[in-house]
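For clarity, chains are labelled A, B, C and D in written order, and residue numbers in each chain start from 1.
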Amino acid sequence: MTNEEIKEYITAHAPEAIFDETGEWLNIAVESNHLKPLAAVLHGQPMQMDYLFCLTCVDYKTHLTMVYHLTSSTNRNINIVLKANVDRADPVIETVCDIWRTAEMLEREVFEMFGVEFLHHPDLRKLILEEDFKGYPLRKDFEDPINMIKL
Amino acid sequence: MYNQTEIIKDTTNLGPEGELVVNMGPQHPATHGVLHLVVTLNGETIKKIEPHLGYIHRSIEKMCESLTYRQFIYVTSRMDYLSSHINNTACALLVEKGMQIEVPERAKVVRTILNELTRIASHELWIGAMAMDLGAFTPFFYAFREREMITDIMEETCGARLTMNYIVPGGLMYDIHPDFQTKVKAFVKQFKEKVTEYEDLVTGNVIFQSRTKGVGVLTAEDAISYGCSGPVARASGVSCDIRKIAPYDAYDRVEFDEIVETAGDSFARYIVRVKEMNQSIHIIEQLIDNIPEGDFVGKTKNVLKLAKGEFYQRVETARGELGVYIVSEGGTTPYRIKFRSPGFSNLSVLDHIAKGSKIGDLMATMGTLDLVIPDIDR
Amino acid sequence: MFLKDYISDVYNGVTSLLKGMRKTGYYFTHSKEIITEQYPDNRATLKLADRFKGEVVMPHDEQNEHTCTGCTACELACPNGTIKIITKFEMTPEGKKKKAIDSFIYRLEMCTLCNLCVAACPSDAIKMAPNFEHSVFDRSKLTKILNKPGSKIKEGVE
Amino acid sequence: MLSLESITKTTQDWLLAKFSPQIALTIECVIVILLAITLFAVLGLVLVLLERKVAARIQIRLGPNRVGPGGIFQTAADTLKLIMKEGLTPDTADKFLFNLAPFVVMMVAMLLLAPIAFAKNFQIWDINIGVLYISSISSLSVIGILMAGWASNNKYSLLGAMRSGAQIVSYELSAGFAVLTIVVLTGSLQISEIVASQENGWWLFKGHIPVVIAFVLYIIAVTAETNRAPFDLAEAESELTAGFHTEYSGMKFALFFLAEYINIFIVCTIGATLFLGGWMPLHIGHWEGFNHIMDFIPSSVWFMGKTFFLIFLIMWFRWTFPRLRVDQLLNLEWKYLLPISLFNLLLVTVIAIMGWHF
């Protein structure tokens, strides 16, 4: 499946998707509320993007961007990067952990590091940090006067 | 943070249905570091496993945001310390890809050899630790004897035994030691002789087989869904070797097999790793006599600046697929860096495959998942 | 057939166990296979690799001269602020002002021995030494001044 | 000739000449108790050192070699350390049982010493149901372990104790059956008679293959009964940290540790007595010269040599095999060892009735 075919297929299902081919892999940016349906479509036939190998979030100071790296276990040469911007003040996005099970732990990590709330996540608790930790450490404006040493 | 009374309550209370809740770790002989598993038990049978992480979290991703592209490589050695060379290679490859640095052939070949040596060293340590988890103490020492030869080679060439930091963007930090080839050949020879010892002591042992066969079965669908990679996924019949999918360094010119087993149990994971060691030896044998002459490091600018954009580099570490994801704003430091560590995904599958088995099985399952806690916590 | 399987099970099990015992028995009876290094006792014969990265040192020659110009390349290359260079201005015999190092402060307790400073040094003034016995009772002893007292820069090094 | 037999005889004669029989018996008892405690202390030191040395050699290491020449005082130094350590009792533990448990375990080990013939006519108590006494007393050690596990109020301890209970109860069976084969062949439960019946050859040699099988079963069963690897589930280090003695420290831990080694010693002495002829020297058929030379070696040396050979065997197992899982452990007993030993016992009975043994 070439990039053109993938784009065509995705446009059929999510007309508002924005494509970016400048990088190594095809980037698809969608609205955060359209991400879950698109993810389900990608996971199903014929794309069969059943291997979510990286899930993370990037803080662009104005907004947060959820980044999903997908590939297919049957054809590992097709790689898709799925992106969705979320509001920085009130970051909410639908969970994908019922599509890819690995997302459960990865979303917990993003939850505590960026404060993104995943709707319908079965067990959204802190995984690494202490229960009463304040703040989101991987956001750009996080300050910890005691433990962060500025060189 | 917990206060004192809460901790006591936590450990003495029973589960919701009167099950035994046992805290395995952070200090436990079988969790290899500071992994904390809250295990809910019904007698000896495991009902639920809940990992609690963060005991060795150093926030490497945040640290790297303030380090330059030359400096951040050394930090990654501390992630998965057993395959530090491979982690370093991943970062170096990413910077090279982002800046289109030409890497000399000599550096590529040496990197490949070192990566494979690292893989063998990691599997050697794993085989010893795994046997120790199952109660056989002696194979640990035999495995370490061979591993010691690798660390000696590393010490001589890279100057350190564990966190080498030998690989820099563009090639190697300095040339290989003159004795490198003879030492590696001696190692290959000894390894081939001694690998049969594991067959006698571990692989063929009836107790070991009964402890691992049919234990912690991971199906291919689950392996994919949970994002497992490396020997864990390959033991379930998922072909996922990055060295084959997206060859880097000199992997495109060597001939080796991707080991895939189909059983998906602990024994299959064990067999995959043992066979992988032999494949690594095979790769080393192909390359060791053919290290091309020439520069060991390519021409690089003094200050490295990645172009604005996003970069992703995958490599196959001893534990699975390591991904480095960098968002660059064009400066000398990464804007955002994410390490997709193989251990994290492999750990997430633990609850799924160990549920319903005995405590003894948990050790076999956890041992064969080959968890390295700093890799999970980062 | 059940009985046959049963007996072959027992037989195979026992032989596999005996195989393992033969291996360990071999090592028990062959003391030349022992690989223990008796560390403090073998200090005299202990040979570390030349490249072993144990600590950063600044080599001085017989005239107590080093080659450090105080350019702070190593300080910039260091990822965790291990090195601090304090410079001063010296008067050369010709009456010109020349930058030189006052003290090269190296904090071993923070050093990760990554070799980046040595790689960055343009005049090969520092190198890694294969010393590994760094334990001291007072942490402040790990902060070292690498240039020896009274040392000066070698002639001709810019 | 100075032998243990003549020493005991002289002592008794002297005591009887000086004192009334009751007082003489009391003094003898005191002497025996003192000797037994000394023996235990020495055995503990020797066996722990032996174990560490054997382990080191198998694991291509040197082992303890710093305290004293070749490290022979290492265990003495360790004991000193353990004595000086604080004997912690957890706050929520059942204090009485917690403190009692190590002594119960130790006492059981001591009681087992009584009927063992250490040399020719050198035996504390030649009871006529010696074998029965041993198998009944040795099954008591599980009480101490269960007590320790329960009283610690620790989940690991509890799991370890429960495992130990299941394990000892089941392996008692095959150990008992293995012992019974010799009883069937000898026709006596008395230790001294069992030893005497082996004058013309050890049972291991003259009892055909069934006795060899019984010997192997005995070794496996007692390894399990003494909680040694590969059956050390009760203290499975990588699973339950230290099992039933997780909460013990200092001298209380040392008692558990010592009791483990004493138990190994005891079961090996019994194995040596039943299968390897006790203190009987090795005699081969009609080689008069050879037999005569063998007779010159003192009987106590023979006994200790055989015992330590068996102890070495058990240590060899420990450092070679992985640990079994708890259900496999019980599988092994109920599906393999028990049917085999039952069948074996039947075979031996037939042999004994038909008089086919030598």
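A few comments on the model shown:
One rule holds in what follows: a residue touches a chain if its C-beta (ideal position, glycine included) is under 8 Å from a C-beta of that chain, and two chains touch if they have at least 3 such contacts.
All values reported here derive from a predicted model rather than from experimental measurement.
A comparison of C-alpha centroids places B closest to the centre of the full protein.
Taking A-B and B-C together, the pair of chains sharing more C-beta contacts is A-B. Averaged Cα coordinates give chain B a centre that lies 24 Å from the centre of chain C. Here the spacing of chain A and chain C, counted between their Cα centres, is 42 Å. With centres taken as mean Cα positions, chain D sits 63 Å from chain A. Chain C has residues 17, 20, 23-24, 35 in contact with two or more other chains. Contact of a single residue of chain D with at least two other chains is seen at positions 58-61, 319-321. Among the residues of chain A, those in touch with two or more other chains are 151. By the touch rule above, chain B contacts chain C in their complex via residues 67, 70-72, 74-75, 138, 145, 148, 152, 155-160, 163, 165, 168, 173-174, 177, 197, 200-201, 204-207.
Only residues 54, 57-62, 316-317, 319-321, 336, 340 of chain D touch chain C when the two sit together in their complex. By the touch criterion stated above, chain B contacts chain D in their complex at residues 12, 20-22, 28-30, 41, 44, 131-138, 140-142, 145, 201-202, 205, 207-208, 210-211, 358-363.
Contacts from chain B toward chain A in the complex involve residues 1-2, 51-54, 57, 59, 61-62, 66, 97, 222, 224-227, 229, 238, 240, 245-246, 309-312, 314, 321, 323, 325, 327, 335-336, 338, 340, 344-345, 347-348, 352, 377. Chain A makes touch with chain B in their complex at residues 22-25, 27, 50-54, 56, 58-59, 67, 69, 73, 76-77, 81, 100-102, 104-106, 109, 127-132, 137-138, 150-151.
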